[in-house]
Every structure is written in structure tokens, then in C-alpha cells.
Amino acid sequence: MIEEKVFKDPVHKYIYVQDRTVWDLINTKEFQRLRRIRQLGTSFLTFHGAEHSRFSHSLGVYEITRKIISQFERNSYADWPEEERLLCLCAALLHDVGHGPFSHSIEKVFGTNHENWSCRIILGDTEVNQVLSRVSPTFAHDVAGVICKTYRKEIVTSLVSSQLDADRMDYLLRDAYFTGVNYGTFDLERILRVVRPYKGKIVVKESGMHAVEDYLMSRYQMYWQVYFHPVTRSAEILLGKVLECAKALFEDGYPFTFMPEPILHLFQGKLSLQDYFLLDESLMQTVLMYWSLEKDPVLADLSGRFLHRRLFKFSAVEEWDKELLTEFRDALEEAGFDADYYLELDFPSDQSYDVYRPDTGKEDKQPILLLDGQDKLTEISARSEIVKSISGIHMGQHRIYYPAELFERGGGKAVALQRKLFDA
Amino acid sequence: MIEEKVFKDPVHKYIYVQDRTVWDLINTKEFQRLRRIRQLGTSFLTFHGAEHSRFSHSLGVYEITRKIISQFERNSYADWPEEERLLCLCAALLHDVGHGPFSHSIEKVFGTNHENWSCRIILGDTEVNQVLSRVSPTFAHDVAGVICKTYRKEIVTSLVSSQLDADRMDYLLRDAYFTGVNYGTFDLERILRVVRPYKGKIVVKESGMHAVEDYLMSRYQMYWQVYFHPVTRSAEILLGKVLECAKALFEDGYPFTFMPEPILHLFQGKLSLQDYFLLDESLMQTVLMYWSLEKDPVLADLSGRFLHRRLFKFSAVEEWDKELLTEFRDALEEAGFDADYYLELDFPSDQSYDVYRPDTGKEDKQPILLLDGQDKLTEISARSEIVKSISGIHMGQHRIYYPAELFERGGGKAVALQRKLFDA
Amino acid sequence: MIEEKVFKDPVHKYIYVQDRTVWDLINTKEFQRLRRIRQLGTSFLTFHGAEHSRFSHSLGVYEITRKIISQFERNSYADWPEEERLLCLCAALLHDVGHGPFSHSIEKVFGTNHENWSCRIILGDTEVNQVLSRVSPTFAHDVAGVICKTYRKEIVTSLVSSQLDADRMDYLLRDAYFTGVNYGTFDLERILRVVRPYKGKIVVKESGMHAVEDYLMSRYQMYWQVYFHPVTRSAEILLGKVLECAKALFEDGYPFTFMPEPILHLFQGKLSLQDYFLLDESLMQTVLMYWSLEKDPVLADLSGRFLHRRLFKFSAVEEWDKELLTEFRDALEEAGFDADYYLELDFPSDQSYDVYRPDTGKEDKQPILLLDGQDKLTEISARSEIVKSISGIHMGQHRIYYPAELFERGGGKAVALQRKLFDA
Amino acid sequence: MIEEKVFKDPVHKYIYVQDRTVWDLINTKEFQRLRRIRQLGTSFLTFHGAEHSRFSHSLGVYEITRKIISQFERNSYADWPEEERLLCLCAALLHDVGHGPFSHSIEKVFGTNHENWSCRIILGDTEVNQVLSRVSPTFAHDVAGVICKTYRKEIVTSLVSSQLDADRMDYLLRDAYFTGVNYGTFDLERILRVVRPYKGKIVVKESGMHAVEDYLMSRYQMYWQVYFHPVTRSAEILLGKVLECAKALFEDGYPFTFMPEPILHLFQGKLSLQDYFLLDESLMQTVLMYWSLEKDPVLADLSGRFLHRRLFKFSAVEEWDKELLTEFRDALEEAGFDADYYLELDFPSDQSYDVYRPDTGKEDKQPILLLDGQDKLTEISARSEIVKSISGIHMGQHRIYYPAELFERGGGKAVALQRKLFDA
């Protein structure tokens, strides 16, 4: 334990650090790097306040975890393994340490995975690993185990990752704060008071059901109002196209004027830890700026669109309207656009749709369990009509994304297509 | 006029755009570039929430100006020149368009000036200039005139820049919101209701005096709690040292491994508009990262310190304690540090100390005038005891900044110095 | 029009009065009386912040209506009858002017009705009537017509009373603010921007659907977390018992030591306007205090329980568990309690359950209609999965209320009953 | 200790009760009575949200005290007498238990004193005394001692009552919240973190100086914007006139139609504990309503003015303008008003002017002491320029209050007076 340090935080007011290990982890260069990765990727192009970093979110997850554990200790719950405190705090702090720039787009195009990178950073030759190893020889391994959900005590992993975990609680509040929407607010203090350890699980006291309902309703709204916002989707699609285009050029041996090592190794599929450490959003934006000046017209155009926020437009379409898709391709070709890089069908339901579902087998997240006065556990959707309703909703509009100029230039096919889309 | 567009904004809830010219300006690449410049420069290293951009601040200044003008129009004030509406809105939106990355440090080291750049962007071959020129042939020139305070109507310039202008009102609220401190809050809605045009000036209805007092008290607190925070000063000093060191190396013909054109031209003192456009904080951070890998040990070390947030420590000192300064230099040299790059005396009072002062001749900002029921104008500090008090305060601690290792390594001179400083 | 007046309001920041008629109405003694009637009746016994008055709520409803109309006028909507502005504002301000103290309980026991009283006050010999009559000879009649929903233009009545009216929007925000719960917050500014007049109705632009969803979710949560809170129900039940007991005693000729005229006339079923004006919550609390000192032991005991917040306890029960009810009656009699006054079954679903229902015939409130780009109207639950879910929920626990002492005194029947209830 | 109970509170989110004694005190009828006494007396006539009760404030003072002590215990400060915890909590909770309705006015006219009453309630035959006596035979006496500042340990009394006590911290935040002004906000959490026990005093860690400055600036603003608001003063003056008039009538043997015992005994100067318990704001408002129907024209008129909020107008005047005062008296007599009851000169500086003063001998409140790294204590105004400035300000306008009709009726003397006042 050290003299308490505090960080001013807009969401939690203050973040309290009471352990030297936590303090030292925050000061590693791997953790400081999270300042250069935005929490919400491309969302800042939709909500201009959303510039907050994964650094601030990681501190927030740590703080919520700290508060939960502190409540467990104050109440001396028998089912809480007190010796796991520091492990939980470190795993909470580090769970996102492997996130790269614009993760969604890069992971999709290059097949990287941020959880793997978190574990590589924790276990590799890093300052983070040095700090953890000072606790005990196996501590870094345990922290990685909690993040990858292989750690032997389920109660520890589910504190860090479950349907009601510190991660989600922080990001809903934080993303609502920085975007300025007021959908993400719920009564955190009340939820912190009603969770408790019980037979190796984190459960919720029955009387807290309504607070959890409210949390799940916030989550529902945030997904549809913020995370799946069509303009954000547009930015992500565009960034994906840029990366695909650059990758294809690279594979064709195109001579890039600026090719820093981390990007080269990303293209070659052989990113080292040292590369990964340099791969932040500043570098990505610098690369995009150079690409916007490249000779290849498609790469230059797409990169410029992203930088200057000239995003694709979108129209709602019926699911799998194959004919319409063909008409779009034809109109684009007529207008001089390569349809491979200037057209995309998007189905939010293909995304990891993060509405609470109690029953999906593939879901590796603990469902939310209510503990009643008779020590009986019930999954929340069996008790709450509103949760049952939300978890049963399958929704999401299918949209087609294309450059705004398609209809402005007004070739014959585009005109016909436009009439079909809007004059119906 | 166009169909109203809105931006979600955490500070003003919504920002309303009702003019095509304003909408088009926002969509220029020069204005979009402000997304890549932080509003508070290095403050994010002190307050991790302070990642907000000059883009969001510029929208905020526009919105406050829009609200003030809208109130003027609703009340049909005779002294308000209605034909200046669009000019005011555009000048409010664009007043910061010339800001570069980490302006304070770069302007100090390289002698650039963001107001000049704003005017170059407005008058040069830019998308901004094209949009403005569509209004009228002289419109761009007028906008530049308002920003440089040469425009012929004082009422227009003082709306955009005075002791109670839209600029300050937005940044106090915005910086308080994103840092999470609660010093910057004041009753904006009330102030907007009590300002009015009067004989070519913007004045405040007497009954609004207390709201203005509160605004000035907020400003006072924000300066000392946020803008002059010693940790932020430390980051700025460090960044200044990095830039000085790189500039000296450049002048010595040092072979940099990465030297993008905007940086080259910055060093050569011949930045073009096109260079300036590419010079954002992403590029600066990428450059710092490359520099942290350079062979020159001082440049590499200083750059790494900034990137990984290993800032200089500081100690309060008596003003101009020449002897102590010499002892610091000696101890640093003994410990192997080049004192030119690892030591700095800092006096906040040397900074542009932005506490309200009614009377300073060099101050080009309109003082705040109260309008009473008898149409008499009185400068506020003649009426308000609290404003008089604040404006009379001369304060600010003198601090010396140096690397934390100085005392950790513990050479003999450092030990003696440490004893002198802390055991007194 | 007069010089704008403002009221400081915690919910809307400021309330703006711009019409002499509105200003004069606020200053009538009938409207000032609303300061002495709490907005949430007995809820202050559950949420100690909930002391806010119907005066503040009425100003809030007025302010929201003013903002909606102002938006209609700014946009010059053809379907908005501009001449109805003042009528809407006055009806909004006065819609609750007939509310008595603790309306729910008193209306239930004595069969009074606050809407009728609103109209009596508006049409009777009152200051309110004088102010309205200065507008035009028929104006008071029109205002009463809007409140009683007989006014000829549906668009006017539905602005004041519908599923998405200024009344509900204000009370959700206000009750959330004063109780301190954060369930009632929704994006008022956005909703105000998406409502519009259309063919004699108030409709919602399709793009505002999610904001309306959020409003309906808030409403759902507020009903279950605040309005139907079991402790508040307990206080209301207790107050009902007090009133029933006093009424029965009165009918038996009991000699009350303190019987002010308004109470006497309430008992006699012949309340005059002048009586009603004196009948506020101060008088009711004073009467309760005198009753707590009466010789009749039941009246004194029940009144004291209410005053000193010694509310009935409650237990969840199966619907219509007749046997249990009998056991309770027996145990109460054994313990010396008159079961008529010390026992109550409560079914929130018997209450006017104010969750959004699009289709109920008895519902006299306009459903919420979405207006799409093709000028087509769709009832919201046909478009929104979440609204469909909420509107289909039938819930509410059945509870039995009884004095806490029943089990503390511990007669044999009580012990048996207690075992049955809690040890199952 | 009991199972933790919580109250939902808008200011502190939740109030936590962890001791049976505290829980039992809250449930006494003497403490419940505080629900019927407004925290801000007549301020609700200026700020309609200000209906909050002394009940909620008392809980808030308790909660802040609990948090301070809990921080002391967490840090195991040697200078904190841990055995005094419950005493501090009870004194904090009960410090206002003796407040009567509209204390300022009643205390002034009848010479009662709420601190004396608090002690009478704590020491007398009350439920509060019974609860306290269950702790130990001397506990009630100790609690009374802390409230009357005679308790032997200064650290205990100064926690409950000093220049930076839980009382002030709660009321500034609470009054700001309920009135809706934003002057009263300061960083409570930070202040709680920097106070500590030191050699029998509560002191502030030097690094917390700016947070304390902000608290004192809030206090300054709240006094001038809220507590001494001229409209609130007007209401208090009017209420004082009502009471003086009724008292004079009583002394003359006037036959009141309604004279409840507590009022009778108040007039006779022999209030018993039982009377005092019945004397709440409901009773006062009921009495005022009856008085507004009395035959005595002055009493009826003044009472009606208060009830219907027809307050006196005011004009700023020079200090002690004796001539003007005479002119007012003459004009009032001419217009048929008894100047004794319809005229008042008000000097806020005569009020207990609660701006921080470090040095006044008559001040029985501990000044604020800063503790530096060398364990040296310094009074804050010796360190903070802004505190020095505030504490040196002597301000306050002198105002004359009179009925609005004086100038409306327009007798000759009134016309002359009006011209003198407003046309100068």
C-alpha cells in the first residue's frame, strides 16, 4: 500500500489508487500508450465529444472494480476470496491494454485480436510484465488468465467480464458522458451496493432488480443510439475500405512513399510486440494523411474522405435485395467508381449484438442472477418482464453505403436508381 | 438558410446550424483538421479527460454567438446591426482555425502565431476561402478583419473577442466538463440574457452583475486549477525542450531518420499553407515517437519522457534565487544531465495572466461595462467588490523543473541540494 | 406582451413569462395556493426530497408548452393555428389549479374530482376568472374546455393532454429531480424539436422515435420505482384509513375538538369554492395533528401514525388469497386492532396504470403517432419493438398492508400467520 | 450496528445509516417533525423549488459527518478520538432539531432560540432523549453539550460547528440544488479528502487550499444571491409585521377566532415542549389563513399578503436617510397605511453576515487552518489572496420596504416621493 493517489475523472469524480503495483502499472509505457487509442474508434466523427481514450476507460474499470471489492470487504462476505483483490484490480486495469488503433476495422481486415495482444503484453518482455512479476513469479500469468477467462476461480473472471461487469458499467457511463447523449445513465452507486459474491459467482440481491433493469435499458439504448449509429458505421466501413485497398496495393508491390515498420509488419502479418507498441491512432492518422497524397487514385481518395470526413451516404434496404445491389454496382461503374471499394451492405445484426441474452450457448458471459431472501438464484429475465422483452428483440435495419457523388453526378443508371429508392 | 442541422454537444446539448455558409465551412478540410488539434494541448497529461478538440470548442463558440445574436434579434435592439449576423457567426466559428498542434510550445520555440495563420487560411487558397467568397467578394476579408480586430465595427469584434466573449464562455464550460473539475461552471443562460448591444459596444444589464461576478470567479479558478496546473506546465516545458533540442540538432545538420516536409519547413521557417494543413497533433506525436528512437541521446530521452509521461518534477522556489539555480545546474551536470535541456525556471506571471483587469493599457480586450437604468455605463470593478478584489491579485508561485532522477541517483551535490530544499 | 419575467427553476433552469395574462394568472391567489399542495402527495414520506409543489409543476408545464409553440412559430408550420397560442399557455398553466391536498386519498374517500374543480375555479367567481375574462368574454370558457377536453380543436387539447404532453414531460423530469432518482431523465430538448402539428394532431417526426422510446422507458421506470413505490402506497392507504375513520365518526355525530369549515363541508359533501380555496395541505396536516390528540383511539392512533411516519408494513401475497385475508383479520382482532382500519389489500394494477397503451378504448389520451417522409402516420408501437414490449407488460405485485406491531405483539394467531408468511 | 439502511437523497445520492441509535433517532416524532419545517423559511416565495425541509438537511449533515469520520478511521489518524464517533453522528443529526417554523421571524419577534430548544428536546421528556439515554446515562447530555459548544473536546464541537463544518457544507449544496441556482456547488469530495484531525482541531491539508477557496466563494455568492435576496427579505419582513401585529392585538385582548394552544403559549411566553412539538409550518400557515379572515383590517391584510404572495416592494436608499424615512411615513399615512406595519428599513449588514472572517472576536466559530508539510498551521486568509479579499468586503445595500399600492394609489405625497426616488 502507498499513500493514496487520485486522478480527477469526469465520470467517477475521482479515481483512487492505493497499491504500488497499480500505480506502477499505470506508469508503464504500455499503459500510457492507451492515451493514444480512442475508446470509441471512429465515433468521434459522429459525436465530436467522443475523443476520450482507452486510458481513461481502463482507469474507470479499475475504479468500479475497486469499489465493488471494497464493498465486499466492508461487509466481510464469506464467499469473497479476499486474497484475490490485487489480481482483480490488475486484470481490470489491464483488460484492454492490447487494444490497437481503430480496433474494429483493423481486426476485421488483418485478423488481429486485442485480447491476445493483451496477454502478449502481460506475458512478454514489457514494463507491465516487470511490474506484475514483482508481485510474484506467477502473478502475470494469473492476470493473463483472468483476461482470457482461463483463471481457475470463476468469481474473479466474472467480476472482470460478465453481463454486469465493471467494463460495461464504465463504458456505458463514460461514452454517454463524452458523446453527450443521456441514454447511458443508470444508478451505478445502487448497483454497486446490490452485487455480492455467492458460491463462486457474482450475483445481485433481488431488491436491486430495478436498478439492473435500468442498466440493461441503458445498454439497449446506447447500442442503437451510439454504437450502431449509421454514421459511425459509415466511418468504420470507409476505414475498412482504406485498409483493404492499401493491403491489396501492398500485395501487388505498390511503392508506398511512407511505410513505417509497424504498418509494414502489419501487412506482412508479423507484428512484433515492439511494433504493436508503436501502432497507435496518431500513427494511423499520419499514415492516412500520407496515403491521401499517394498516386494511387483510389487509396488517395478513400483516405482523404476519411480524414476530411466525407463519409459514404446510406439508404435503408430490404434484406438481401440482390437486384438492387446489382443496380448499385452498375451505377457506380458507370460513374467511374470501383464498386469493390465504394459499396457496402451493412447488417448490424451481423455485429456482435450486445443486448442481454440469457440463453445463447455461444455467449461466454455469465448471465445476471438474482439472489432472493431464500438464497435461491433466478436468471433475471425469468423475473423481469422488461428484460425478457428487451432480450427477445431482434432488430436492426439493413443499409447500403455508397459515395454521395453517385447521385450528384447523375449518370442515367444513377438517376433510375435514385428514383427507385426515393420516389417509391 | 437551410433545413436546420444539429450536432450533439455535451456542453450545449445541441449545436444548431441554420445557414448554408456555416454548414459548408464546417465541412471544409481546414475546419475538419481542428478535430486533430486538442483544445488544451498538453493538459490531457494532467487531466485524462481533456482530449477534446478545437473542433468542438469552435462549434461551441459559434453556438454561443448564435444564441446571443438570436436574443438580440428577438428583442429587436436598435443598436444591433442585423446585417452583421453571418459575419459574426463565421468569425466565431473560424477564430481558431489557424491553431497548430501544441500551440503554446510551438509558437514559443518557432515564433509562429495562430491568429496570423487563421487569417492566412481565411484569405488564402483554401476551401474555407471558397465558401466565404461565395457570400460576397469581400466577405473573407471582413471575417479576417474581425478575427484580427481591424474590422470597422467594434461591436462585431467585441462579440467575438472581449473580456466577456463567446470564446471564453465556451472554453471555461467545456474545459471544466472534459477535465471533470467543477470550477468552470457559471450561469451561461443568465449571462446570455443580460448582454445587449449599446452604442457600438456589447454591455451587460446591471441586474446581471452577479452572474458576471460568478463568471469571473470561475475564470480565476480555472486559470489556477487547470490552465496553470504545475503538471501541465511541466509537460509544456518538456515539450518545449524537445523542440529546442530538435531545432538545435537540425541547425547542426543532424541526420533525422524521419523528417516529414511540414516539420522540415517549420525548422526552416518557411511553412506553406499546405504544410500547415498537414501539421496536426497526430503528426507531432508520430514525430515524437520517431525521435524517441533517434540516436541522439538527449532528443531520444526527452521525446520518450513526453510520450510515456515521465515529466519533470518541480519545487517551489523564491523568485530569482540565483544561487539555487547554480546549485541545480551543478548537480545536474554531476548527474550527467545537460542543464540546458533538463532545467527550467517557470513563472506563471510571465504567462499571459488572464485574470480580469479593467485598466491595463496593453490589454486589447474590451472591459466589461454595466448598463444601469439611467443608461449610464460603469466598468464592473467599480461596482463589484469581488471583481475589484480578483483583479487586484498578483500571485503565482515560482517553480523549478528538473528530472526526477536527479535526486534518485543521488550524487553528492544532489544530496546537498535535496537537503537544502526539503529539510529546511 | 410585457417585459419578459423569469422564474429560476431547477428543472428548466428558467421559466419565461412574456404575456401579461400569464403573469396575472400566476399572481392570483388561486394559483398561489398551489404552493401549498405537494406535487407528489404522500411521496415525501418515501423520498424526503419530494416536497415540491404543484405550483412549480404548473409553471413547468407552462414552460414546456411555451417552448413547443415557440418552435412551431419559428418553423411557421401551416398546420399550427397561431391564434391559439395564449389559450394553450393558459390551459397548460391552469390544468392542475383544482388539485386539492393529497388528491388521491381525498378524491377516493370523498368522491371529489380535481378536473371538475379546475373548471369551477376557472369559470367561478375567482381572480383567475377575472384575469381570463379580460382577454375576451368567452376565453375562460375556452380554457375550461381545453382542460375538460371538450374544446373544438383537438390539436389544442392534445398539446395539453395526450400520451406525450407537456404535463407528463414536466412531471417525469421534475419528480426525478426532487426525489433524486435518475430514472426520469430523457432528452426533452430533442423531443421538443421533433414534435409538430399535422392535420389537427400533434405528431412526432419519425427520426425522433428513439427519443420517444427513451421517454416511455423513463415513464415505465418512474411508475414502478416512484409512483407505485410500496412505501408511498402504504402512506396513501394509511391516509385513506384516517379519512374513512373521521368520516364515519362524523356521520356518527362524534364531537371533534377542531372542525374548520372546509373540513365540515367536505364531510357534508357541500364544499364551496371558498372552502376549496382554504383546503390546502397545511390545513390537512393541522387537522391531522388535532385528530392525533382526539379521544377516539382509532382516529388518534391512525393520525399519529401518519404524522410521525409510522406506516403500515406490507407483505407480497398471491392475488385474492381469501384464506390469508381471513387469517390476517383474525390475528388483528386478536391483537386488538379493528381490521377495517388496519388492513388493506393493494393491487397497483387497479390504479390508473399509466404505461403507454396504444389501443385501449377507454383511454381518452391521443396515442403517439410517427410521421414519416411520405407523410404517413404510424402509431409508435407498430414501429418500435421496445414500445410494443413495454405496452404489453401486465405486472404489479399484490400486497397486504398491516401495522408493524401485529407481529411484534405476537399473539398466537399472529405467530402462526408470521410463520406461514416468512418461513415458507 | 444494524444492517445498513439507505435514504435516497438528491444531494448526496444516498444517505447511509449504520447504527441503531441513528436509525431510532430518525424515527422519533421530534425528528420526523422537521419534515414540516422548511430549510429556507420564506425563500420558497422567491425560489419556488426551495420547499426542502430541515429533515433532509439534517440527514445531509449527518451523512457528511459520517463520511468525514469514516475517512479519519480509514486513515487511522492518531489525533482522532475514535470513541467519539457516535456522539458526533448524533450531534450532527440533531443540531437543528429545535428549529421552529420560520425561525428567523419568530425568533426575532418572540425571542425564542432554536439552539436552546434543541437542547431542551435532547434533554427533556422526549423520544429523542429516550433513544439517546439507551446509549449511556450521560449520552444525551454530551450530545446537548456538543450542540451548545460546551463539550470538553473541541475537535468534536468543531466538526459539527466551525467555519468549514458539515452543516454549512450540506446547506450550500442543498440550497443550491433546490433553488436551482448554480452558485453553491463546490468539490465536496475533495474537501472531505483534505480535512484531518490535528492536535484537537479539524484542519485542512495545505494542498486542499483551492478547494476551500472555492467553497468560500460559493458561500459568498449564496449569501448574496439567495440568503439575502431582497424578495426573501421582503417576505421575512412581512411575516415579522404579521407576528408583531398579532402580538400587539393579543396584548390588547383582541378576540381571535382561532387560537391554538401553541400560539397562545407563544404569545404568553410560556411554550412547553409539547407546544413546541406542535408548532410547525403547517400550523403557522393555517393560523395565517385564519388571520387573513380576521376582522382586524391590518392583521387580515398583512396575513393575506403573505399567503397570496403580495409582498412589499423595495427601493435602494442611502444609509440612514432620515428625511426620506419621514417622507415615506407621511406618504403612507396619507394613503391610509399604518407606517408601523407597512414600512421597514433593512440593512443586510445587520444580519449575521456569514462571510468568512478570520479575526472577529465575537465569532465563536473556529477559523480555517491549513496544515503544511512542516506541520505548521496557518489561517487560510494569510495564505489565500482570494479569501483575504472576500473576508475584507463590507457590502450590502440598504433598502426600504413598503406596499406596492403606495405609488399606485398616488396621493400627493406619494407622487412627490416617487419622483424623488425614481426620476433623480
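We call the chains A, B, C and D, going by the order they appear; numbering starts again at 1 in every chain.
Quick note on the criterion: contacts are C-beta pairs under 8 Å (C-beta built on N, C-alpha and C of every residue); 3 or more make two chains touch, one makes a residue touch a chain.
Being a predicted model, the structure only gives us computed values, none of them experimental.
Across the two interfaces under comparison, A-C and A-B, the one joined by more C-beta contacts turns out to be A-B. When you average the Cα atoms of each chain and compare centres, the chain farthest from chain C turns out to be B.
Between the CA-based centres of chain A and chain B the separation comes to 32 Å, rounded to the whole angstrom. Remark: chain A and chain C have CA centroids separated by 43 Å (rounded to whole angstrom). Contact of a single residue of chain A with at least two other chains is seen at positions 13, 181. Note for the complex: chain C touches chain A at residues 181-183, 185-187, 210, 213-214, 217, 220-221, 224-225, 385-386, 389-390, 392-393, 395.
The residues of chain C lying in touch with chain B in their complex are 6, 13-14, 189-190, 193. Those residues of chain B lying in contact with chain A across their complex are 7-11, 13, 27, 29, 32, 35-36, 44-45, 47-49, 51-53, 55-56, 59, 177-181, 278, 280-283, 285-286, 289, 304, 307-310.
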